[in-house]
Amino acid sequence: MAGELIYFLPTLDPAHSISGRQTVELKGYSHIAPGVEYRIRNRSTRFSTKYDRSDGRLVTLIKTLHDGFTMTRGFYIGRFQPYHNGHHNVIDTIAEEVDELVLGIGSAGDSHSRHDPFTAGERIMMITKSLVDYDLVTYAVPIEDLDRNSVWVSHVQSMSPDFDIAYSNNPLVIRLFEEAGVEVRQSPMFNRDVLEGTEVRDRMVDGGDWQRLVPDPVVEVIEESDGIDRIQQVSDSDSNGI
Amino acid sequence: MAGELIYFLPTLDPAHSISGRQTVELKGYSHIAPGVEYRIRNRSTRFSTKYDRSDGRLVTLIKTLHDGFTMTRGFYIGRFQPYHNGHHNVIDTIAEEVDELVLGIGSAGDSHSRHDPFTAGERIMMITKSLVDYDLVTYAVPIEDLDRNSVWVSHVQSMSPDFDIAYSNNPLVIRLFEEAGVEVRQSPMFNRDVLEGTEVRDRMVDGGDWQRLVPDPVVEVIEESDGIDRIQQVSDSDSNGI
Amino acid sequence: MAGELIYFLPTLDPAHSISGRQTVELKGYSHIAPGVEYRIRNRSTRFSTKYDRSDGRLVTLIKTLHDGFTMTRGFYIGRFQPYHNGHHNVIDTIAEEVDELVLGIGSAGDSHSRHDPFTAGERIMMITKSLVDYDLVTYAVPIEDLDRNSVWVSHVQSMSPDFDIAYSNNPLVIRLFEEAGVEVRQSPMFNRDVLEGTEVRDRMVDGGDWQRLVPDPVVEVIEESDGIDRIQQVSDSDSNGI
Amino acid sequence: MAGELIYFLPTLDPAHSISGRQTVELKGYSHIAPGVEYRIRNRSTRFSTKYDRSDGRLVTLIKTLHDGFTMTRGFYIGRFQPYHNGHHNVIDTIAEEVDELVLGIGSAGDSHSRHDPFTAGERIMMITKSLVDYDLVTYAVPIEDLDRNSVWVSHVQSMSPDFDIAYSNNPLVIRLFEEAGVEVRQSPMFNRDVLEGTEVRDRMVDGGDWQRLVPDPVVEVIEESDGIDRIQQVSDSDSNGI
Amino acid sequence: MAGELIYFLPTLDPAHSISGRQTVELKGYSHIAPGVEYRIRNRSTRFSTKYDRSDGRLVTLIKTLHDGFTMTRGFYIGRFQPYHNGHHNVIDTIAEEVDELVLGIGSAGDSHSRHDPFTAGERIMMITKSLVDYDLVTYAVPIEDLDRNSVWVSHVQSMSPDFDIAYSNNPLVIRLFEEAGVEVRQSPMFNRDVLEGTEVRDRMVDGGDWQRLVPDPVVEVIEESDGIDRIQQVSDSDSNGI
Amino acid sequence: MAGELIYFLPTLDPAHSISGRQTVELKGYSHIAPGVEYRIRNRSTRFSTKYDRSDGRLVTLIKTLHDGFTMTRGFYIGRFQPYHNGHHNVIDTIAEEVDELVLGIGSAGDSHSRHDPFTAGERIMMITKSLVDYDLVTYAVPIEDLDRNSVWVSHVQSMSPDFDIAYSNNPLVIRLFEEAGVEVRQSPMFNRDVLEGTEVRDRMVDGGDWQRLVPDPVVEVIEESDGIDRIQQVSDSDSNGI
C-alpha cells in the first residue's frame, strides 16, 4: 500500500482524546503529507487520518475499527521452530480481528535439537523482523515449559501482556484455555503451522529448499546463527550420547 | 524534537543499498515532508535523511552513527518492579551508544510479593509503553530464574537476541558477564535503579507519591492491574501463612 | 455428644432418594438402636435420622442443613507444623458452613527444620486423627511448593477436590484466590493459627508445655515419630552446615 | 454383611485399654444392638465385640486379628487414570491383610493428556467415593513425580503416613522398595490394573462402554468434570502443538 | 615417615590372596627396597609389608588394620567454600578410622556469591590437590541441592560410592542420617569447619591473611581462578540487582 | 610393565624445580630401587627418572612429554552405563594426549532403568577402579541433567575441574562445545562406546556374556550392587506402572 504509514502516537495528549469523528491538531507531527490517508494507531484504538490541507498541521482522525475505544489483544502460541509462512498466514488472519497480538514462543528453553533447533532469542529475532512492517502491535514473549498442563494457562497469563482471545487449533491448547474460561478462536488453517514446521526442518536437514517456506528475514536470522549446520549436526545425535 | 519522525524501513530494497552518502529514491514514502530532517532507521544502520525538494520523492540518507553498516545491540537486565525513572534515565544514556537494546526482565516468574509485585506480562507492558517513542529498537524479554550463577550468562544469551554489550552496575552481573567474556559497561548512575525501585515500592505500600518516580505509562499499567491494592495487600503477609 | 454416631451411607439406593422429609427403610442397618437420634451423612447432603420403633428397621431421615441437595466444599490451607488448637478452632467455625472440607497441607515437601519439622505424611496423620470424629467429611491433601505465586491457585485447584469457598486470613492467599475469582472468607481468628504455630514450635524446642496447644492425637503422632527430639536437634543447625 | 458395623473408636479412654479379652463398658455407644457381633476398629488394633445383653451397655471386645495391639498399614501406588475395577479388586485383596491402606496417587502433577487425563484432585474424589463403605481406613495421597528413581522411596515415605507393607506388581516399584528394605507383596492380579487402565482410556476416547470397567462413583466424578470430552479432545493433540 | 610408600596393588593376583600373616612373592614389584617397612593398600584391606632380604623379591604382608578383609569407607559432607585447615584436621582424624573417604561437596550448583564463591569444579581441585599425599583413598563428589531434607540421604547415597559411616557434627545432617539408619560419628572438632569457613571468606573479602587458614594447594587453586577478585566483587552485590 | 611404578610427587620442593634434564636429590624417597627406570608424575609435568647407583639417593628426572611445564587436562563425557571396554579404549587414546582427564558422568541422577541401570556412585566406583593403575590423573565427576542444551556447557564447566580439550564423537556434544568456543577432538572410535553400551545392557538383561565387554573391576562393582538382578527386574517394568 503505497502512501500508507504505520506508526504509534503513544503520547496522545488527553486533551486530544477523540470520540467519534473530529478534527484535532497534532503538534509535532508536521511531517504528515497533505492529501494522504494514513492509518494511525495509538495504544487504545485504531484511526484513519485525513490531512487537513488548510494549514498542514491538522488531521482528521477517523476511528474505523472499534467502537467505544476498546482495544483487543490476541494471543497466539507456537514453538516457531522456525517461524514460517504458515505462521505468517495465520497472523494475517488474526490481524483482521485484533489491535495487538502476543506471540508466545513455547518451549522457550529448548534448542539445539532436530525438533527444537533454535534458541528463544533467535526466534524472537525471526518473529520481530518478519512482522516489523505489519499493521499490528506485536509482542514476542518466550514461555518456558513448566511441564504441567494444569497450571499452563496461569503460567502463560503471568508471562504475557493481558489478552482477550487465544488463537489456536491445537486441541490441548484449546481445552486448557476453555477450562480456564478464556475465549478461543479456531480455524482449520491454524494447524497447518504444525505440519509446515516439520516440513521446514526436514528440508533443512536434508538440504532441501526450506527458504521458500519462511519469510525472508527468517532466512537471514538462520544464516547469521549458522542454523542449518546446527540442525544438520544435532540431527545425527543419538540421545544416548551425552 | 518537533519535526522528527522515527520509523523503520525494514524492506529496504537491496537496489537501494547505500554506501557513504548518496541520494536514493524511496518509492512509497511520498508522505515525507519537504525540508524536514528525519532520522530513519533500518535494521542494519542508522541514517539521517534530507528531503529533496525538487520532486518530493527523493531523500538524501546520511549515514551518521556507524561505519561499515554495523549495528550494535545492548543488553540491560533489571527486575523492573516496577519500571521507573531510574531505568528510564539509564536507557537514555545507553541509547546514545547502541542501535538496539534488549531489556531482560529478571526474576520473570516472581510476582505478588512486596519485593516483586508485578508479573512479567505487566512489566512487558510498562517497558513497551514507556519506550514506544524512543529512537531505539527495544526488546522486552522475560528471563526466569535458574538460581545457578554459573549458567546464568548462557541462560540469558539463549533467551535474548544476540547482543554485543551488557550494561550493568551490579557487581555480580558484571562479574558473570566478564568471566564469560562479554563486554560490560558501567556507570555510577546504573545502580541508582536499585535504590529507586525500593523507594517506589515503599511509597506504593505506604500511600506515598510513587507516581512521580515512574513514567506515565507505568502509572496506567499499574492502575489497570489494580497494582497498588495488590502490593499493599501482599505486604501484610507473613510468609508462614501459606 | 453421647448417643450420637456419625457415619456414611454412601451406597444410598436410588430407590431411597429422599426429598423433604420421609420415612425410608434402610436394609442392612439393623444395628441402629431404638429411640436414638443420629446424624447420617451421604455424599450430597446431611440428614438427621429418627429411629422408627415399630420394626427396628425404618428410620426417618430429616434433611436439616441444605435445601436442594446442594453440597458445599471448603478449602483451608495451612502448613500444619504441627496441627494445633488454633487450626482446630478454625475448622470448628468452618464446619458450620460447609459439608466437606479440604485441608491443603502447604509446603508439603519441607520437613526436618525448625520452621517445618514434620513430613507431609506425619501431618496427614495429625489431621486425620484429630478430625476423625468430626461431623465433616475431610480430605488432607499435601501440596508441594511450586514457588511461583502466579500459578499457585491453579496448582492448588489441580491437587484438590473441587471446592467452592477458600478460607484464609493470609493476605497473599486471599489476594491470589480473589484474582482467580475464587470466593474467600476471612475472620480475625483465622490468622491466629500462624501465631500459635510459632508458639508451639518454640515450646517444643525450649522444652515447654506444647502438648496443651494441640489436640491429643497430635501429641501421639509427634511422639511416635520422635518429633520433639527431631525439632530440637535440627534447630541447632547452622544452615552453613551441609 | 448385614448386622456388621465398622467405625472408629478414636478417643478410646486409656482407662479402657484392653489386654487380651475382657469386658469393658463403652459409655456413649448405647446404639449397639443386642446380640450382634460387630467389628470395631480403633487406631491401634482391631476387635470383635460381643454385646452384653444384661444391661445393654457392656460389650466384650475380642481382639481377633493382631497380637500385641499392632496395626498394619499398607501402601498401594497407582496412577489411577482413572480408578477402575482392577484397582478395586486389588484393594479387596489387600484389605484382608491390613488395617489401613494408603493409596499413593502417582504422577499427581500430570493431567489433560490421553495417558493422564485427570487431575490429582479428581482422582482423590474417585478413590474416596469408591472406597467410602470399605472396612478399611484409607488415605488418598497425591505424589508428584521427582523423576529420580534413586530417591523415589524416600519421597513416597515423606508424603505418606508411615506404612509397613508395599503392594505392587510393578517390577521397578518392587525393586526400589526392596533396595530400601521395605517389605513388598506381589500377586499376579496386581498388574492387571495397568492393562485395564489403558483399556478404560481407549474406550473413553473411542466412545466405548468404559462405565462397566469402573466403580459407579467414578462414573459420577468423570461426568462432573466433563472428563470424556476432555480425554477425547486432548487425544487429538499433536505434541508439536504448543 | 621417611621410608614409607603408599600405593595401590589393585590387580592383586587372586593366587596371592592372603589370610592372616604369610609370605608372598610379589612379582613385578622389584623396586621395593630391602629392609624398609611399607604400608601397601589394595582395594579390600590394608597391609604392612616387610621386605625379605634373602632374594629381594619376597615381602611379608602383615594385615594390620582389619580382620576378615573388610574395608571401611567413610563419608564427610561439606560445602568446602573453600577447603581449609579445619577440614584438613577433620580428615586427619577420620583417616585413622577408615580406608577410603568420600568427600561430598554440598551445594555443588552454587557459586559466585559471598557465601558460596567457588564452583564445584574448583572445589574438586582444592580437595584433590590438598589430599594427594594422604594415606587415604578419597573421592571428591559434587552433590547438587535437592532442597528437600526428606530425600537428602537417598540423594547423597545415589551420588556417592557406598559408605559405612558418615562423619558430621551438623545436627541436621546427623539427624537425617540417623533417621535413615546410617551410622554417624561426631566430634566437637567437626563443626569448627563451619566457623572457619566464615572466617576465611571474611578475610578474603576484607583483604586479610586467609592464606594461613588453608592448605597451600588451595591458595594455588584460588589464585588460578582469580578467586579473591571474584568474592570481593560479588560481595558488593545487592541481591536486588539482577 | 614390570619394574615400573607410577606415583605422585605432589610436594615437589620448589628448590627442586627442574628444567631440561638434571640430577636432583629427592630426600625421603629412599625406597627407589637402583637401576630401575620409573615414570614419576607431579602436578605440572611428567618425568622419567633414572636412579643414580652411586649413593642410592639421587635420581635423574627426565622430562619426556611436555615442554614448558604446561599441563593439559581433557574432558570426556559419557553415561557409563556401565563403564566398558569401549570407554577404556577411548581413554587409552586420550591418555596419549593429556596429563589429566575428567570423566564427566552424564545423567548422574538417572538409575534403576534399563537405559540407566546404575547410580552415579556405582559408576564412580567402576571408573575409579578401572583406571587406578593408569598413568593418568583422573577425576570422575557426576553431572546431573539440566535438560537445557543452551546452558549445558556452562553447567559442565562449573562442575568439572577446568579443562582444555573436550573429547567426543557425539554430534550434539561437539556442537555445543564448539558454539561455546571449546576445542573438541573427535575420532571414529569415540562413538563406539554408545553402541557397546547398548550391547552390554542387552546381554545383562538376556543373560549373555557381558563380562567380556567390561574391565574386571566393573564386574566386581556390578556384582556387589546386585546389578544384574536390578537391570533384569526393572527392564520388565511398564512405564505405566507407577
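Letters are used for the chains, namely A, B, C, D, E and F, taken in the order the chains are written, and counting of residues starts over at 1 for each.
One rule holds for everything that comes next: a contact is a pair of C-beta atoms (placed from the backbone, for glycine too) under 8 Å apart; a residue touches a chain by one contact, two chains touch by 3 or more.
Note that this is a predicted model, so its numbers are computed, not measured.
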> Which chains are in contact with both subunit B and subunit E?
Replying inline: C, F
> What's the chain with its C-alpha centre farthest out from subunit C?
Replying inline: F
>> When I count C-beta pairs in contact, which pair ends up with more: D-F or B-F?
In response: D-F
>> Need the CA-centroid distance for the pair subunit C / subunit F, whole Å please.
In response: 56
> Just how far, in Å, is the C-alpha centre of subunit E from the one of subunit D?
Replying inline: 47
> subunit B to subunit C: how many Å between their CA centres?
Replying inline: 50
>> Residues touching two or more other chains, restricted to subunit A: which are they?
In response: 109, 111, 119, 148, 150, 157-158
>> Run through the chains and report each pair that touches.
In response: A-B, A-C, A-D, A-F, B-C, B-E, B-F, C-D, C-E, D-E, D-F, E-F
> So in the complex, which bits of subunit D are touching subunit A?
Replying inline: 109-113, 119, 230, 233-238, 240-242
> Can you list the subunit F residues touching subunit B in their complex?
Replying inline: 146, 148, 150-151, 153-155, 157-158
> How about subunit A: which of its residues touch subunit B in the complex?
Replying inline: 2-3, 5, 7-8, 10-11, 27-33, 36, 38, 43, 108-109, 111, 119-122, 124-125, 128-129, 132-133, 139-142, 144, 157-162, 217, 224-225
> Mind pulling up the subunit D residues that touch subunit F in the complex?
Replying inline: 77, 79, 106-107, 115, 147-150, 152, 168, 170-176, 179, 191, 194, 197-198
